[in-house]
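So the structure is just underneath, and the comments pick up after that.
First chain written, first letter: the chains are A, B, C and D, and each begins at residue 1.
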């Protein structure tokens, strides 16, 4: 079994999609010769040519808006935003047009495009390079939102995103870029809207996505040492959300903690809590708690370990949930 | 090569309809039937536009932004397009829609509040959905044009926007992108002097056509109430786009004779006299006089054109008047290409509630 | 007692703030001679001069970014975004700078400015003119978010927002612009972070803000006819959120429904649910439910009444909550 | 009045340090001590910049974007400012910080990942926090300048940004706003030929200085490696801003000799020879030769300047090396001007957890 990093898996995913569909284009800042600042597009321009892989001027609103125009001309653009916080200048195009074009055109236009956004912290980066803006997108009706937590699923979800007739915001957790996994790269993994149980357990359930899935697994191992068996659920796609999977996970243990990097207030964790409460209230033995980034701007890198949910913080929340 | 133009606008017809540039006039590839068709389109536009305002006053439309006074800019530019070219409108382009054969009843559903976008089949009719966020459509046009270039299609995009739109970041990013990639696109600015209440002098300190200098492609100012001059510069821009991949920024100087929209009270910010002064430059009257002097206005044609215009206005009225809303549940089908569980739940609720309501009503 | 509409109260609020502090400026599209498309700034330019009240070019990112620069020069700008969806081009400036400048400067700069955003639907407006984007802002750490539901509180909250050293996103529910209230306009009403009980009741609690407070009161009256007494809580400010007030309201009845116009998924209602679950779980007799806009783009005006939470939909949710 | 310039850049010194425009040279209001101070500032900048790169290699900084090669552009422009003028930097302006007396230790805390912004007292030092989102700071400069104008202060803002930044909407919106309002602001573009891996030719199809045409104010291209020429055009721009409320766009043509940042591998996208070619244009060497020819480089001064530069680099190293992180709890105090309940709760948690951790560590 070959071992791949998430960066390699994403690179392979792009290649796979470009090979199976010659309408797929890759665009963004520094995606050409440089291969992207994280090398996700490494040598793709060399292999697929400058017409299908090109650097844009430094303008994110243009990257998004031009991608929509390309989609209207029958192309399937895969656009890269260089970092999480640099996706914000494109929000207007994403919210007002990309998310709404199918709706507005009564289904006659497929705004089929993917916007890739490296996200999250934990890599010691400078201000604006560690944010987790998934809620801005998940709250925007008309967008699908994917966020893999492992290399193999990154390949699977990316190919699925590119094939999808809907616009997909594809988050790539930077802290997992260099994580490795062995197995065959295949687009026949789980579809959108299906959560994945990455660890079975009976005492309580941890729900996470992207970079925090690995953290939850660490917490689960720590808990296991004390004889507490945690179920860990990876949501994989926030939109569509796997309502049934979520409810079942909650029902199984009756005790749930949601973990995410973004600030707590109105983070996607709140949605998870609300759905569980709506669909599994009678099964809950304890309040569904959230362990998240704090409600301050992302702090300087040297203290990010205290900002991001730690194993300790997860365990403390679990204690509260378990002792309820 | 960057082509620059003098600061005064390209003009073929004087306001009184006489030809001021006879060389340009004769060089146009427009036969008598073209001229008549353009006149007819201007008439239809005028009548439909007035009818839409009337429909709004009668409560049949929620709001309507009249294009009164801008007919030459719209008809002249739209007439310069080929079938394959793609139009990206803002919200004031009924004249362009008329030339492109867009179904105006469906279009008016946008203003009635019964559908978004207004264009039944954007890809088929090569006319994008109405775009309200000012300047945002500029980027779609550039993207489409880039796509056409990649496909080596002999087609260009044209994007319509106003003087106010040139202040937006998207205008800049789009123009710059098009300049770098050699996108076949025409940036068509209708400088109607106003962005709601803000006059163009408070919008920017430079002439709009000159902004093309910032992007390395030609800019041109044209008398936007002179349909032939607009046609001429548009035709050239379309050719430059299709053949050379060189974009053009056209500033058509015109005037918004009506309010910004039927919801606007323009008396708050501009003087009646300013508007009246522009009455002299009415684009229809100017073109009518030319046609007259060229002997093209035989009574049969005039009667027919006016009848056609009235008929189209009547058709729009008949089609829109009292049109029922389209049920909300149907809109759920176009949020995504599929129907995810969380949405299906909500759709069911809507179906349940509306059928109960109907039940009650019955 | 004079009767004022919310538009008039806001106009008076601006005048009050401009009179008490000559550093207050008003800027935006069409705020000058026109007085704003809703007349909130009616005749303020005439009365305070063109230096303190001015129309900007049509560029929302500039309106926000220039406002921050003005604040750095010691002014207190009150910027208007013409409509909800037209605030999106300014999101980058708001998220990356306005929300973070105090934090970044370690408290040495007060990014003291207000961004007024007319919001919400129900007035028969065209696409992009009826959105409820409060979550984008509430999730962004460093911003305060206010949203009055009545004329008097609009005055009070607006003056407080302008006085606040922090950046405030000030939402104005369009559907309440022409609602009337009598009483004295005063900035000595409730502060930020204090929810208001607008109706007392013992059977269940409705939580809302902005335009939906009135809708909840209608629902409460309808319920009262059937002998069900509803408590109605107006949050007034989403950031800071009145955690204690919210928990108490939930504890009192044990049955809560949150109502908002924005789409459900990751709407602010989810945060309300999550907070109640965290702080009052043991008191809950039923799941906290949400009645919200649906997860599709805001539909055309002619069907908005079916899209927005109706009295019927609120009562249906209440039934579920009460029969639990 | 719009002033236009020829497409070639303003230059006073040839790359070999000889004066090519002696009239301009003599017209400068710079005495010997000024010239020496400028040279010293360039030296300090060079040494601190190299030291920062070294500190990054040693793990003391997280990442650092060298300005190597851009010293003349930064020192020349910063030297043209008065005390009241306000600097809005991007992330590469250590040279400007040197001239403005910004504490470079605190500055480097930004790159160490121990604080954001890097400027201890932006309002007091009239130097805004480091701005990373490309072009975003342009609007803050315009806003500050408008504020200064409203206060009738005799001061201007200067905003630094790169060639890539000119593609952003914020650049456009800021320039346009400044043109309309007559804001006292200087738009200072360091065209260092690259935006990470994208060469300026793929960034825009027009010369950068020409973009000023779009806004109705002057644009000027200057040899960015000629500190005197940069000083000259900046001085003029500052005067125009302060006295006439006329903004200027300055394009300083220079070259990024180092990688985009220490995290960048420039060999992926540019040839060694291209960089080498620019070695000839080194701004320090050029200025050194001029000073030498003007007899200003007595050994005492040279020794002192070099010692000062080494000392400042050493001070930065000593200040930053091993500097501990500032505790997270402290950051909570600056999210808002007050401490709302929901945040106080979180802060308490942080205090509890970190004190426990310390307890464990002890």
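Simple rule for what comes next: a contact is a pair of C-beta atoms (placed from the backbone, for glycine too) under 8 Å apart; a residue touches a chain by one contact, two chains touch by 3 or more.
Since the model is a prediction, treat every value here as computed from it, not as a measurement.
Colleague: Among the chains here, which has the CA centroid at the largest distance from chain C's centroid?
Modeller: Centre of mass proxy via C-alpha means gives D as farthest from chain C.
Colleague: Given the two chain pairs A-D and A-B, which is bridged by the higher number of C-beta pairs in contact?
Modeller: Comparing A-D with A-B, the pair joined by more C-beta contacts is A-B.
Colleague: Can you compute the centre-to-centre distance for chain A and chain D, using the mean CA position of each chain? Integer Å is fine.
Modeller: Using C-alpha averages as centres, the distance is 36 Å.
Colleague: Cα centroid separation between chain B and chain D, in whole Å?
Modeller: Going by mean C-alpha positions, chain B sits 44 Å from chain D.
Colleague: Would you kindly tell me how far, in whole Å, the mean C-alpha position of chain C lies from that of chain A?
Modeller: 30
Colleague: When the centre of a chain is set as the mean of its C-alpha atoms, what distance in Å lies between chain A and chain B?
Modeller: Averaging C-alpha atoms per chain gives centres 40 Å apart.
Colleague: Quick one: which residues in chain C touch 2 or more of the other chains?
Modeller: As it turns out, chain C has residues touching two or more other chains at 57, 59, 61-62, 85, 88-89, 92, 96, 100, 103-104, 127-128, 141-142, 239, 241, 265, 294-297.
Colleague: Which chain D residues reach two or more other chains?
Modeller: Correct list: 115-117, 133, 167-170, 173, 176-177, 180, 202-204, 331, 335, 342-343.
Colleague: So in the complex, which bits of chain C are touching chain A?
Modeller: 61, 85, 88-89, 91-92, 95-96, 99-100, 103-104, 127-128, 135-136, 138-139, 141-142, 238-239, 241, 262-263, 265-271, 273-274, 277-278, 281, 284, 286-290, 294-297, 324
Colleague: Mind pulling up the chain D residues that touch chain C in the complex?
Modeller: 86, 115-117, 119-124, 128-129, 131, 133, 136, 138-148, 150-151, 157, 169-170, 173-174, 176-177, 180, 331, 333-338, 340-343, 345
Colleague: Using the touch definition from the top, list the residues of chain B that touch chain C in their complex.
Modeller: 62-63, 109-117, 132-135, 164-165, 167-170, 195-198, 202-204, 263-264, 268-269, 325-328, 331-332, 335, 342-343, 346, 349-350, 353-354
Colleague: Can you list the residues on chain C that touch chain D in the complex?
Modeller: My answer: residues 25, 51, 56-57, 59, 61-62, 64-75, 77, 89, 92-93, 96-97, 100-110, 141-142, 144, 164-166, 193, 239-241, 243-244.
Colleague: Residues of chain B touching chain D in their complex?
Modeller: Residues 166-173, 176-177, 179-180, 202-206, 210-211, 213-217 of chain B touch chain D in their complex.
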